[in-house]
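What follows is a set of structures for review.
You will see two complexes here that share chain A, one where it goes with chain B and one where it goes with chain C.
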Partner chain A sequence: MTMAKANQAAPVPRASLTARAPDFVRSYGIFIFLIAAIVVTFAISPAFLSGANVSNMLMQLAPLGIVVIGQTFVVLVRGLDLSVASVMATAAVIATSFGGQNSDAALIFLACIGMGAATGLANGLLVTKRNVSPFLATLAMMIVLQGLRFAATQGAPSGNIPSLFRQLGSATLSGMPYNLLVMIVVAILFGILLHRSAFGRRVYITGGNPVTARLVGIAADRVTILCYVICGSLAALAGLILSGFVGVVDNFVGRGFELDSIVAAVMGGVALSGGRGSIAGALAGATILVVLSNAVVMVGMPVQLQIIVKGLVIIIAASLYVRPARA
Partner chain B sequence: MTVQSSSLRRFFRGSQVGLFVVIGLLILLFVIGVSVSDRFATSRNILNVYEQSTGLALVSLGQTLAILTGGIDLSVGSIISLSSMLTSGLINGNPSMVLPVIAGVLLIGIVIGAINGGIITVTGVHPLIVTLGTGAILQGITLLYGLGPTGKVPRGFDYFAYGRLPAGFSVGATFALVVFLLAAFLLRNTRTGRHIYAVGDDPHAATLMGLPTRRVIMLVYILSGFFASLTAIYLVSRFGVGQPYTGANYTLSSITPVVVGGTMLAGGRGGVLGTLLGVYLVSLLNNLLNFLDVSTHFQLVAQGLVIIAAVSLYVEKRRIA
Partner chain C sequence: MLSLKGIHKSFPGVNALTDMNLDVRSGEIHALVGENGAGKSTLTRIIAGVHQPDSGELSFDGRAVRWSSPGEAKKAGIHVIYQEFVLFPHLSVAENIYIGHERRNRLGFVDHRRTRRDAAELLARFGLDMDPAALVQDLSVADQQMVEIAKALVHDVKLLILDEPTAVISGPEVDVLFRRLRSLRDAGVAIVYISHRLEEIFALCDRVTVLKDGKYVATREIGAVNRDDLISLMVGRSLSDLFPPRRKRSDEGEVVLDVRGINVPGRVHDASITLRAGEITGLAGMVGAGRSELAFAIFGALKTSAGQVLLRGRDISNVTPARAIREGIGLVTEDRKGQGLAMQLDIAANVTASTISEVSRFGLIDRRREEEIARGEIANFRIACRGPATSVSLMSGGNQQKVIVARWARTSTEVLILDEPTRGVDVGAKAEIYRIIQELADRGIAVLMISSELPEIVGMSDRVVVMREGHIVGELSSAEISEEAVIGLATHQSAA
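What follows is the complex of A and B.
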């Protein structure tokens, strides 16, 4: 895709340096904005920060956050994954296609993660070995998965989700949603992988400058493929959790998550041109999306304004990140 | 001059590859169709396939131009939805309102396109993100205007969608065909047409050469918005009413014929004739799958596989920063 072009403007070595020694605004702007949004909404509607509403927002945050973590890996290597929502819905359909007993839970979990990983592998192979643009490769996989899902369920999925997943997706531990705990564990594990491991450094180099990556002996293709596999697997996990939250399965569990997850990552400072960004920033982006959607309702604006506000924030946030990269 | 001549060479190389692949696939589908059913190759069925290609053709034309410059327009679906609601909502059955409303709706498409192009050129944000954002805003505005089908159109408004010329050719599809041929001619033979390729090929070089890069980018998004609004008028003509989600599927499906027709997402290579054949391919594929009595669910799988097959045959140019 054309993302490589945007990167031409920013000298690449500098880009990977800024990932480590970032200037104040770019690394903390998102958190400041998040706090400002919370304060303003709270001032207009104090119910916004009531225990029940906060718990509700955190429960909505968890599935999106898990997808965003995976999306971050893919965007870091100059890609993007449009198939995540389709993977989520497929995971939800898989979850109900067993008997609905808790004894099947482990099997369901493995089947879902396997499906997500396989989708990611296909995406990664198309992108690296056939040089298909990530947009198209993942778009095509999205459509194929959707078709297979429709064919398998005859358009009307049915069945029950094991109560274990219902618990995980919708129960709280004295106000703290279980699904948020899952997201935190995932964030810590993949945060260590990305920010503290040799593999993580390879991800940044591969995305920051593929030529350098090749010259220093990094198997850039393998790194890229692994990023797509991580993204697919995490999307499947998020689909399982979301289906436990929704309770009813339809063919479109997770609809909109592909765009929301990309938007959240971009708002959180993950550059579409690759090699720059962090999981903490991406999660802050996801939190802003959830807070803004909630705030629109809490301050009494019509629901339609949710997507208008979302659209405005996308453009404003993205333009704030482009400017410093140009200077 | 070197930029222009090299982009011209690429243009011919790129579009030829694209055309061969699509023509090959079209012939393949046709042969399968003929062997499946006697009714497939009848003029009645083929004219049907032709008629059903109209909406996709119009929106894909604008999308092709955006992609040729290395961009993309993800707001077309919302532009279509908004324009369709405004068309039937403002006409509201009053024949004297038809022409002013059509002119107004097309102008709205142009203005939205200019806003897209303006944000892209001023902020430098990737078109994917910009049009995603404006698309969300426009969908919100559409839903503020109305949550369900709104307004109605007078008798005769369906001429664009269902009218037939002599020999049974659909009015709308023939209009789209003529517009495509005109666009292909202008792309090849005008300075602006060559600028579109040059900007998509290498925006840096194009700027350094003194080409009006920003104006070219503005132009393609304005045209994309215009054709999205035109698609909306076609859809109102076809369904008789505007609907708030009527364009939703067109955002992504407008990209399929473009890439199947050999236009590279990286920009600078491909052309509108490939897209036109890509549109006919999608239309023929859906028709054939109906004949094969394939469950509609597998039609999606087939579309996805066609995209994968086609794009795997083309190799995107590698951009090494």
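What follows is the complex of A and C.
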């Protein structure tokens, strides 16, 4: 009988309650999860919510959050971008390649964003026009950028970044990190773009079903390419901010961000199959990652356990979003 | 050998089979015929254990049986050969035959020599002349099909079901297939042969069972019927009152779309068709005749290699779908979920999907305006829902279809193409969709309606164009339209 039902073409209207419960979990589960994680950690270690620690966590959140916003666009159109960490490191190297004067800041900013956008453009063109899988295309771009960095820096980057960026990356405004303000502005702007604009609607339709998108007159390739450009540009911005946060620049600023950003987006309900998810959810996912890394330290967990716990929590959170099998 | 008595099977909302009978003897080739939707595939799936009947008796080999899985039916000796092959092109015939049942030596490794020897024996036993060492990729399609059949012969097959085996082959290959099927029959295998092509049934089969609307109609010795008998058995039914009243047309509308000799490589050959304002043109033919491809080519979703598409005299060949939409052409595709809807979005977003810039200001979507439009369409098309923000994934097939038609009714000022507009839709929604199509035509839009349901074609069309194997093979004027005439054109085997 169950087999017969699964083969049935016409969808049966589901009872509203059963249909809405998973929807609710999918929409808000991540926020409940986040609050639970915060409450539990606070109960074990009250210092977790001390002003200094919160400020510290928020400062860590900003660069990851900015990358996650970009990654969300790409995942929404059924892609993923492994080159973001490499773009971040390249942006950091670019930032040190000038005199280190604040007067160069605008130039550095434009050069970094341009580099990120160009990388995204290359990724997008490979994925759409050459039909390369996003995994391979962005992996290749990651390596190409790495090679360029090594060539440009002779292996060891030197030089300083302008103090303006260092301020932006590590200073606070009465406890509120500047870099978080940048992330909030980015989140609002790109949230409007994704959730309120015509472009955003095209992103969802394209990601949900590229064939449908083409048949309703959407230039699906162009939409996809733009998503990669957005992701590359935001990664470059995040790289600038992160280099200001860590102060020293090496060839691997942003290491690990490619996977963290994908994990955060997926934990936040952005479907790898495309077309589903929101910026707010993805940012909640990023926050969970940051809280988790901090919490395992705060509760005094042995280092060996920390990574295991992080992995387990990711598995639990991500499995909340597995779509229920068709009734 | 196989006997079904009084089988009932229903799916939510549809009675797929009612009081179905079938009786297949060993050593015969038994044809199963009926229109699309007559219940042939459901029947096949019940015999093969994919579906379980709600009631009725199924007996096989003299014993009453009730399969709980396809595996059980297979173990008993029932094998189905579908149109798609599951073969490994870079492996040999012998290796493909024994895939999953590899011949092993004592060490557990694959014994290639034994594989080849057993395969040769098997092929010889059933009179199939084929080289077991040949690579499958080098075989003709007909031979690949035989490999697929030979895979079934590895097991003790008693009943072989072939679903439209000649849909993928042609001409001399068909003769080869028939010769081999006859030698299988003579070796004692019972064969159920499903086909649309009546000529084949007369050439190959011993008896024929006709189905219609999920019901058993008749079983006949092939010598006791002729082609016309079969067609009237398949069709013979009065038109229901589903269709809107025919209106009298005083004059022909002007030509809106003029398609001249277009070609889609491998799909559509030299097809010409004209659509007139205010007219519903039915496009009939069997599944795979190239009808959807013709529609896609007009809409710019498939490239044409020759010919012209003229919209009011202007050449719009090979434009993009985006441009076709701007020119006032709409396409309601056959595959609602795969090509029509954005399943994860709501009604409003789906209705305005082809006009996103129209509901945006300064690049931002005017949600209020969008919902207003959606509310208008919900009322106009009588879409059952909780409001414009209802997710389309929660709606019934009929209501989903109305959402798509509503979308295209807004932009199709010149031409609206509907591909199987009522597939998988309940009767109530069907009547509603027919009414809407008629209204659109009355507004002066040129409508092209593709359908495999003959009553629909006959009940709705002002004119019918029939396609077969990629060619347009005939046109019927209003006075000439009948189910018999359409099916005659659609199934007639060309002399070549």
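We adopt the following convention: the second predicted complex is superposed on the first by the 300 of 327 C-alpha atoms of A that agree within 3 Å, B and C clash if a C-alpha of one lies under 4 Å from a C-alpha of the other, contacts with A are read in each partner's own complex, and residues count from 1 in each chain.
Operating definition for what follows: a residue touches a chain if its C-beta (ideal position, glycine included) is under 8 Å from a C-beta of that chain, and two chains touch if they have at least 3 such contacts.
Here the structure is a predicted model, which means the values were calculated and not measured.
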Which superposed partner A:Q306 touches (first chain B, second chain C, both, neither): first
Partner chain(s) touched by A:N209 [first = chain B, second = chain C, both, neither]: both
Chain B versus chain C as contact partner of A:R276, first or second or both or neither: second
More chain A residues in contact [chain B versus chain C]: B
Shared chain A contacts, counted only where both chain B and chain C touch the same residue: 1, 3-5, 7-9, 12, 209, 211
Complex contact set, residues of chain A against chain B: 1-9, 12, 126, 130-133, 135-137, 139-144, 146-148, 150-151, 154-155, 209-211, 259, 262-263, 266, 272, 302, 304-308, 310-312, 314-315, 318-319, 322-323, 326
List of chain B residues in touch with chain A within their complex: 70-72, 119, 123-130, 132-141, 143-144, 203-204, 252, 255, 259, 265-267, 295-305, 307-308, 311-312, 315-316, 318-321
Chain C residues touching chain A - in the complex, by the definition given at the top: 9, 11-14, 45, 50-52, 69, 299, 301, 320-326, 331, 333, 338-345, 349, 353-354, 356-357, 360, 363-365, 367, 393-397, 400, 407, 424-426
In the complex, chain A residues that touch chain C: 1, 3-5, 7-14, 16, 19, 192, 196-202, 204-205, 208-209, 211-212, 214-219, 275-276
